[in-house]
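In what follows, chain A forms one complex with chain B and a second complex with chain C.
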Partner chain A sequence: MRAAALARHIPAPLQLGLLAAALVLAIALPYLTSSFYVSVATQILFFGLLAMSIDLLGGYTGLMPLGHAGVLGISAYTMGYLVSRLRWGWVEAAGVALALTVLVSLLFGFLAVRTRGIFFVMITMAEGMLVWGLAYRWASVTGAENGIRGIARPAFATLYWQYYYFALVVFLLCALALWLLVRSPFGLTLRGIRESESRMRTLGYNVTLHKLLAFTISGFFAGVAGLLYAWYNQYISPSSVHISASTEGLLMVVLGGAGTLLGPVLGAAVIVAVKNLLSMYVARWPTVLGLIFIVVVLFAKDGLVGLGRRGWAAWQQRQQRPVSAAAPGAYPMAVDEERAATGS
Partner chain B sequence: MTADTFALHFLNGVTFGALLFLLASGFTLIFGLMRITNLCHGGLYLVGGYIGFSLLVFTGNFWLALVGAGLAIAALGLVVERTLLRQVRGQTDPEVLLTLGLAFVLGDLALAIWGGDPLTIRTPGVLRESVSLFGLTYPVFRLFVVLVGVGIAAVLWYLMHHTRLGAVIRAGVDDREMVDAMGIDIQRLFNRVFAFGAFLAGLAGLLGGAFLALYPGADWEILLLAIVVVIIGGPGSLVGAVVGSLTVGLIDAFAKALVPDLLYFTLFAPMVLILAWRPYGLLGRAS
Partner chain C sequence: MGRWRTWAAVAGILALVAACAPPGAPGSGAGQQAAGPIKAGVLASLTGVSAASGQDMVNGWNLYWKLNGATVAGRQLQTLVEDDASEPNTGLTKARQFVEQQQVDFIVGPLLANIGYAVADYVKTTGTPTFFPIVAADDLTQRARVDNVIKVAGWGSSQVTHVQGDWAYDQGYRRVLTICADYAFGHEVCGGFVRAFTARGGQILTQLWFPLNTPDFGSYLAQIPGANPDAVFVLTVGADSVRFVKQWAEFGLKDRVPLLATETMLDQSVLRSMGPEAEGLISLGHWAEGRPARETQDMVDAYLREYNQLPSYYAAAMFAAAGWIAKAIERLNGNISDRKAFLDAVRRTEVSGPFGQQKLDDYGAPILNVYVRQVERRPDGRLWNVPIKTYENVSQFWTFGADKFLKQPLYSREFQGTPEQLRALGLQP
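Right after this comes the complex of A and B.
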């Protein structure tokens, strides 16, 4: 319903054009800027992927997870251990890491989807902190506070720009998969569960199974983000899987706009930019992040994407004012109805 | 494990449990009554500790610092509830996000003002000494924290079970709408309870500063343990908070000694399992 509203607000050709422009820019980026900005863009790609995986649960299914950095950590630590300590090849290591992440997600999901609301938030938080606890204390495997160093990137992606293109390809494949997923009947069912769980249950849907699948699929994509994260830093440590990291992921979703795929990526871009660029000038970026959180929650619940939509609607309205002057009140009322229908 | 080391871990567990109780009792009151998971409770604890530290440096009086830390954080709690939390009353996700944002801000401002080096609160006179207990030499201050914990528990128990205010709070934990419908100003009640929980967090901050030191990240560590306490005991339950605090304190002390690699696992795994099967706690009941 939200996607339909977007299509009504911003015409499809324009959307496609913007998307194509963004893609061209993304491909041309290493030719346009320095290695620093390419590295920032690489971070946006994997944090964007993490944020999309959080949004699949939080935005589309209505179950807000507060432990996804832990899920990311399972794959990052597994791959890091296999590559750095056991000298495995990257394909095998990535495969095993993803398989383990999916299995653990299935287990975490099995426990978590029994609850909802605040209890879901807390159980996912505890699950994330379980991973953190092991990362922090299980020194023989995880290296405790020192973490795992020397996680070699795949041989074809060792240079910063090679790695950027590698991350871009992985990101685009995952984004495409997620886009197809949220538009599939399965994705619509998830949104149905978000809107009214009891109604979906009455309609004969296996709500628990759908939630469990959503959790597991979300875990898979968080795991892919974890691989990109570990290769990028060539290092993984407990602070990467701490609840504050999960919180940042959630902030990306909320800031960009939950329940959209574009929103989390936009949110990731802003947060990564704040962390990398602002931190050169201001030491207090966690305060900035916290304030962004508070402002978004109080004043812009549907995030940047929501602001964009409202901005577009207002602009459209101004364009059409001569028409609405001919039929007073007609257009604003239509907008109100639409808002009511989309729940924005 | 010899009897001596057992006694030592046992005492460490009980005394740490008493500190956790101060934090968890406020958290559980707020959670039980308002259904808010106050994720900035750890931030309130840490800032309370730091304010107490500064008061102690400034006045040199430990007791003044203790009360001052509590009152300052209570005032902060009043303002936070009134200006921010009230805007999103009853909406689970925004409440979680708002308190998370506050936790970031509090933690970072504390770092900006008091720096990143661990600070320890210097305790006065007799509290600095040690006594002989079960054949061990044990610091008096840790036992003092138990005394404070027991005192606060007694006050809370009296307040909850023998005053009108307590009756209203218990009714509110069970059914907020009904309390509201009875003509009780529930907004005001929420405000006061939130401030009271913050007061306890401030007290705990100062005591924790003498016990464990104050440093960036201590806010999250203690918050997560307090949440485990509340989950084990059940939200809104005072007896649950006592039992949960002792359980978590003892698990923490013995796991540190016996299975240090699995320390956090032994805390968070029970929390996950309890949340999955008994979300209202081992002692709690669904409302």
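Right after this comes the complex of A and C.
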């Protein structure tokens, strides 16, 4: 009874087909719609990347960070300062910004990964607020509340559609890297830590080191998102690194489905769309966003991706029902296969 | 795996197409017909930290068109309102939406300085006429000005307090302590006062900075008696103002130490929530709802009828900006498709509105009246600011001269414009 096991998972060819369709749509987008919607799509790309970096920690490792907008801010501010004030080229500026972000992430991670649960949340929140405080108070570098203006994009990506393709390529490369990462032995170890830290430790894994590495890698991708963010707006100010921005990133993960790579991007798409598109028609768009969250938390704790999976499973079940009724002996086998498939 | 290869091939071809054949230019600035409606994009903070003042902005704007009819020079004026959620990223997206999607003829707003800076940088690339009646950030019309961004019926952060420094010296105060909100607007407002006050020979004893949303000012107020200043200069915004004025009275300072209050501290937006503790306080501002002139009182009465409250400067500035822009459009007989001509017309327009006589300087900042205002109780029990003295035609550069003034850096926590700081930079005090 292969079908029963498959019911839980959308088959690989179909998944690939859907992904390819999404890719084609993403590439064709600037031809299909106006510059404004392309700009909104660009936002989905970098917010999606930020959400994926949060999910690497939150969904895969079981450590929900509440300061990732701060990590994003380190790279955005560094690059912005180098490009706009010191007139550096974009490659050098981006390189230095990412290196600094990785260093600071390592330091932040060093402080944070000794803890878990609510303590981890509190420490990462404090780290995020630290960056915000610097952005807000270190006026000679960050421009304080006035922010850093005139952050020039790379010369080949100045127009909206050029920048969109640039962001798309960067996004796809990062998504591919993250996909390979979470499927690697390292990624499986992270999931093991999420399920049971003590068991992993007993098995001989250096849990703290794994968590520290996860934190740093996550910081790197948040840093890349920060570069895309700063170039997109050509402006960065303290509100972009405020805790509310961190919370929003976390909400994207929860909304889309933690522990998946597609989920955070879907979550980012929904939130960006509600904020920028729905708000054209509904003045009380924050209420709509709140209602969406309540519905998701109440009825789909595993987010939109979980909802999609369960929807698919239910649909498959309905298709298969006559078959399983005809072969009652198949039931125990199906359970075994299902176990094998989910790895439990 | 055949299907996968097909998909990959299709994707590859599409990627090639994307690389070779760029799509057309953005829809910005396309086809505004001279006959259709004029589209105004109003950007305001309707959610988030500044929501209340943002609503005032929209009220003021709408009131003008309600009283005068939403038609200018025979063309209908259509207002599109968007919420920037008190946040630059969203504000920028909304500005893009106005320009690229809805193809507005001009943008009015926003409220917050950081959104103003972000929007200014964006419209610099599109050339969209953009008017800032609320955002006061000095550099928008000084060192970082953008040609198509004009502070129509607006003001500058330090513009009013330059006058206040001078006025305080005239009152005989020589030693002043300052307490200001620790963010860019606070630095600029406070810097204006310090610059002008010390230029006359006044002395700044101490400068205290408090973070926004300070629940208790006790630790700052407690330092006042020891310093024994002639007067205390204070800048607060929003809910901080209500708390500060209350605690100022509770500490018994109201009757003992002269308070040099600032515009946002006693603006209607917060004065509405104050009681007897605010009565009699004197502040300087570019808006005075108690100004007896007819053009002010007509607006105040209409606003009171419509919204059952007195207009804050947020409301009044949007009302005045609407009148200003309408006058410019009329001068062009409704033909504003030539943006340069439209911006020039706005620049050349002089108005006598609720704020009194105003015109724009060469930098896109208004030359305006500054009022010394005292909080009084109206017969209907409401508090309002009544002018007791008027400084006319105040420039954003005060009496320092544009060239000399622009040599000094923007006011910040580090640079407040004292003679020592100016000399250290090699500038004449």
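By definition in this document, the second predicted complex is superposed on the first by the 314 of 344 C-alpha atoms of A that agree within 3 Å, B and C clash if a C-alpha of one lies under 4 Å from a C-alpha of the other, contacts with A are read in each partner's own complex, and residues count from 1 in each chain.
Following the convention adopted for this analysis, contacts are C-beta pairs under 8 Å (C-beta built on N, C-alpha and C of every residue); 3 or more make two chains touch, one makes a residue touch a chain.
Note that this is a predicted model, so its numbers are computed, not measured.
Engineer: Return fit or clash for chain B versus chain C, each positioned on chain A through the superposition.
Structural biologist: They clash.
Engineer: Touching A:Ala112, do we find chain B (first), chain C (second), both, or neither?
Structural biologist: first
Engineer: Of the two partner chains, chain B (first) and chain C (second), which one does A:Ser140 touch, if any: first, second, both, or neither?
Structural biologist: both
Engineer: If we overlay the two complexes on their shared chain A, which of chain B and chain C does A:Thr208 touch? Say first, second, both or neither.
Structural biologist: neither
Engineer: State whether A:Pro30 touches chain B only (first), chain C only (second), both chains, or neither.
Structural biologist: second
Engineer: Based on the superposed arrangement, let me know which partner A:Gln316 touches: chain B (first), chain C (second), both, or neither?
Structural biologist: The answer is neither, since A:Gln316 touches no partner chain.
Engineer: Per the contact definition in the header, classify A:Ser279: touching chain B only (first), chain C only (second), both, or neither.
Structural biologist: The answer is second: A:Ser279 touches chain C but not chain B.
Engineer: Just checking: does A:Gln234 make contact with chain B only, chain C only, both, or neither of them? Give me first, second, both or neither.
Structural biologist: A:Gln234: touches chain C, not chain B.
Engineer: Based on the superposition described at the top, state which of 113-121, 149-157, 167-175 or 221-229 belonging to chain B clashes with chain C.
Structural biologist: Clashing stretch of chain B against chain C: 113-121.
Engineer: Of the residues on chain A, which ones does chain B touch that chain C also touches?
Structural biologist: Touching chain B in the first complex and chain C in the second, residues 136-137, 139-140, 283, 286 of chain A appear in both lists.
Engineer: Applying the document's contact rule, which stretches of chain B touch chain A when the two form their complex?
Structural biologist: Its residues touching chain A are 35, 37, 84, 87-88, 92-94, 96-98, 100-105, 107-109, 111-112, 220, 224, 227-228, 231, 260-265, 267-269, 271-273, 275-277, 279.
Engineer: In the complex, go through chain A and note every residue touching chain C.
Structural biologist: Residue list for chain A touching chain C: 13, 16-17, 20, 23-24, 27-28, 30-31, 34-37, 39-40, 43, 136-137, 139-140, 143-147, 149-150, 159-162, 165, 233-235, 237-240, 275-276, 279-280, 283, 285-286.
Engineer: Which residues of chain C touch chain A in the complex?
Structural biologist: The contact residues of chain C facing chain A are 3-4, 7-8, 10-11, 14-15, 18-19, 22-23, 26-28, 46-47, 82-83, 85-90, 92-94, 96-97, 100-101, 113-114, 117-118, 121-122, 137, 139, 144, 182-185, 187, 412-414.
Engineer: List the residues on chain A that touch chain B in their complex, please.
Structural biologist: Contacts found on chain A: 58, 64, 66, 111-112, 114-115, 117-119, 121-123, 125-127, 129-130, 132-134, 136-140, 242-244, 247, 250-251, 254, 283-284, 286-287, 289-294, 296-298, 301.
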